[in-house]
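Look at the two complexes coming up: subunit A is in both, with subunit B in one and subunit C in the other.
This part shows the complex of A and B:
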């Protein structure tokens, strides 16, 4: 990797600095609402980053990735509903459950390729979605309120404090970016990227790709489950809608918009996607009419997404 | 080059394979000896590539047995066969086009060094992988092309890289599926020399259309026609065989 100042690098740095500064900037600009907007954006960014690990680097286009948002979220909500608010229970359950579900779904999905993979991930995720819809005890369609955010048992780290909540999300985003960056360029990442390029050839040099793709699928699921854990805590609310296939589709759009084979693209995609829908929806209720064509144009004319346009080629440097 | 090269031999016993109504291999038996280049020739549709796919594990024979260095490998996956030292190249160039030349050989080197469940250290700053990869590129004459994206290489260089990828797994036996495909005469000659030099360390089974290359390289030749062995023997015997001449060699005027 060469160290040079690129437009893509500048965008990466500015977005991260902006995220870090929002809790101070927003009140100063008399727009305190933007703190929660950016907290939401960062959570979506974590989910999109996790999707991109398997989609951008492993060629696994999962149309059911939002299911892990739901699993991470419901772990918090259901445990909270039963008066178990300790983060030391909720967090391991959120992570563990995401891992187990990703493992089972991965074993099923990864035997297929291309359009079949897309359809099976979608079908499996919708199964979980309808499980949520039919769970009357936990609010069905209406969802479930969360009275208390996850309790880490110390006054020094209390998610009820909105600043702590915000910077926890920010830290998790940074952590996920770091982990993804290391993974992509590691031996494991080499296998993952190569299997996207030519899976047959990877097997022909002695690497059984299935288990590597499965592990990547589980890592991505856990990362997204973490985003779900944060989302439930931030919103103090979960509903099956979190894991509806629309959400999975939005995750794919954010990733494509930002740039699939770039590390930071999904973050930029999440920022653009959510800011645009936020701004456009205040201008007109028909904002989808503007937003849809915009996405089509990006996909048609900027194949590498926004970061691709800015010259980020971090898979080859 | 490899310690276990001495034991290299590959035996196919009575392989049968059909695709629907098409019989691609009928009672196919070939035995490739250590230290030799065994060429498999035959007209288009003779089942040569099907044969390589079965030997390398990408196709499962309907019946028959494949024995490599004394072990029955018929039920092993392609990856498991490579780990035992049986590597292959592809007729249709199958390099990682968006990777650099160096990265193309890093993956097989990494595969040889054990599992790749290493998540943290960047592979491009890991000398245990880089050094053998660079050394191999020097050996095959691609040393000064290490940083080039494989998709940008000339066709001949891509064919070289194709073989280099297989070699990077340090196989004791190489299955080469038409290594000369689409190369010019000069490149051909260089590749013939290169493959000839590999013979001392590797057993080789070579499927090839280019009969000049086959007669220059092969110690033994098996002629396939419609999935059956029509003749097998030393190059001189094959040249003389009237049946073979009628079926195949005559058409191409050797």
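This part shows the complex of A and C:
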């Protein structure tokens, strides 16, 4: 890979710089509201990045990925509800629970392919969604408020400080991108990509692809659980709506919009998707009427998403 | 346990199964023949309820509205298929999921624009009110009996259509092996447009007949759609017979679970634990069933003969 400045590289750099600068830029432009908008965008970006690891590189179209947002979020909220606010408990629980759920779901889903895989991930996510709806003790449909953000036990790192919160999210996003980059271009990632192209052939070579796909599925689940952890802390609120299947659909949309099988595409997709929703919803309340067909057209005509159009170089199609 | 309640709930479950079957029948054929993930099938359920309901209110007769809904939904289905879906067949599943997800957003918003956000209430005509005695002290709402009757009739009609006619033979051939059927001279695109139209009518019918009990609301088809997915996964994609059995199974298990699971749990758990676990577990029951069936039979209970479903 040569280090020439491509359009895609320029977009990547400017989006990251923008994300880093927003807490200073937004108040200067007298739009402080955009700090929280960008914090939200980055959380969705983390979730989309995690989805893209299995969808873009492993060909596993999970239509229930938002379920891990809910699991990470509810880990914070339910522990907080029982007066356990220490991040040193909440964070391991959020990560561990996401991993266990992803492992169980993965073992069931990965036995199937194609349409079956899509529908089963959807149905399993829906199962957890209804679990959240039926949990009366934890607010059912109305959700659960979080009084205190996760407490790391030190004054120097306090999530109650909005700047610390913002840059924590930013750092996690960078971390996830780094992890994904390392995974995709490792031997592990090569197996994953190869199994997307032709699973039978990779198995014939003697690689047990099921294990690789399962591990990728669990890593993606944990990353998304982390995004849920951050989302619950940012919003101080969780509800089953976090894992509504519309959220899973939107995650897929962001990923495809930005460009599947590109490292940074999902981040660009999240920025475009959420900014577009933000802007369109102020123009008309019926913005979905325009947005829906727009998405159809993107699918039909802009293959490879925005990063694909810009000639991103790490696509492998 | 009260056996009257038991039988009532059994019938309720059967009725839910009938609604699910009407949804799943079209869906399973669309999946089976064209390998198309159509999330917008739930929108057809909703459109059927709104269009049929409007026709019923305009003509002043629920029956006339229901009859007029059939050609209307057939035309709407064919239009959606030719305009939006036809270009998607050659696309990846991912593209199909996205494009039809976009269609859902569009249809939900279009419905909100046309009929307003509060939905549509369609009163039940007088002659369908009331209850019928089923003997042994069991009375059951007449309208729910009618729903079950309609569903069984449709299932029978669909069975005859698929199993006994030339059209049905072509549909089955398409579901088993689309390429081979096409090579033998079957006009697959036209066949599929017709199948999609029939699927649209069935989904619309399901939406309309449930409306007097619930009401027509935006997004009403989405929960049913996901249940219908569960049904066709259990039944085996492309199989109408599998869809019927799985639909009834799903409907009955879901309804029975919601009514009686906490009582059953009382036998093994302390009261407060059973009370907490009951609703949670019963809402998960059919998904657990699905996961179990898939674990042992990834291609579903009744995959169509010769189908190469799991690739």
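Before moving on, here are some points about what is shown:
The working rule: the second predicted complex is superposed on the first by the 314 of 317 C-alpha atoms of A that agree within 3 Å, B and C clash if a C-alpha of one lies under 4 Å from a C-alpha of the other, contacts with A are read in each partner's own complex, and residues count from 1 in each chain.
To be clear about the criterion, contacts are C-beta pairs under 8 Å (C-beta built on N, C-alpha and C of every residue); 3 or more make two chains touch, one makes a residue touch a chain.
What you see is a predicted model; the values in this text were computed from it and never measured.
Annotation: superposed three-chain arrangement on subunit A; subunit B versus subunit C shows no clash, the two fitting side by side.
Superposing both complexes on chain A places the Cα centres of subunit B and subunit C at an angle of 80° as seen from the Cα centre of subunit A, in steps of 10.
Shared-chain residue A:187: touches subunit B; no touch with subunit C. Of the two partners, subunit B and subunit C, it is C that touches more residues of subunit A.
Once chain A of one complex is fitted onto chain A of the other, the partner contacts of A:20 are absent, as it touches neither subunit B nor subunit C. Legend: residue contacts after superposition of the two complexes on their common chain; A:197 is shown touching subunit B, with no touch to subunit C. Legend: residue contacts after superposition of the two complexes on their common chain; A:249 is shown touching subunit C, with no touch to subunit B. Contacts of A:295 after superposition on the shared chain: subunit C is touched, whereas subunit B is not. Once chain A of one complex is fitted onto chain A of the other, the partner contacts of A:115 are limited to subunit C, with no touch recorded for subunit B.
Look at A:208: by the touch rule set out above, it reaches subunit B but stays clear of subunit C.
Annotation: superposed on chain A, subunit B and subunit C show a minimal Cα-Cα gap of 9 Å. Listed in rising order, the residues of subunit B touching subunit A in the complex are 56, 58, 77-80, 82-83, 87-88, 90, 94-100, 103, 106-108, 110-112, 116-124, 126, 129, 149, 165-166, 168-169. Considering their complex, residues 55, 61, 63, 108, 111-116, 118-120, 122-124, 126-127, 130-131, 133-137, 245, 249, 252-253, 256, 260, 286-289, 291-296, 298-300 of subunit A touch subunit C. In the complex of the two chains, the subunit C residues touching subunit A come out as 31, 35, 37, 39, 84, 87, 91, 93-95, 97-99, 101-110, 112-113, 222, 226, 229-230, 232-233, 237, 276, 279-280, 283-284, 287-288, 290-291, 294-295, 298, 309-311. The part of subunit A that touches subunit B in the complex is made up of residues 1, 182-183, 185-191, 193-194, 197-198, 200-209, 212, 215, 315-316.
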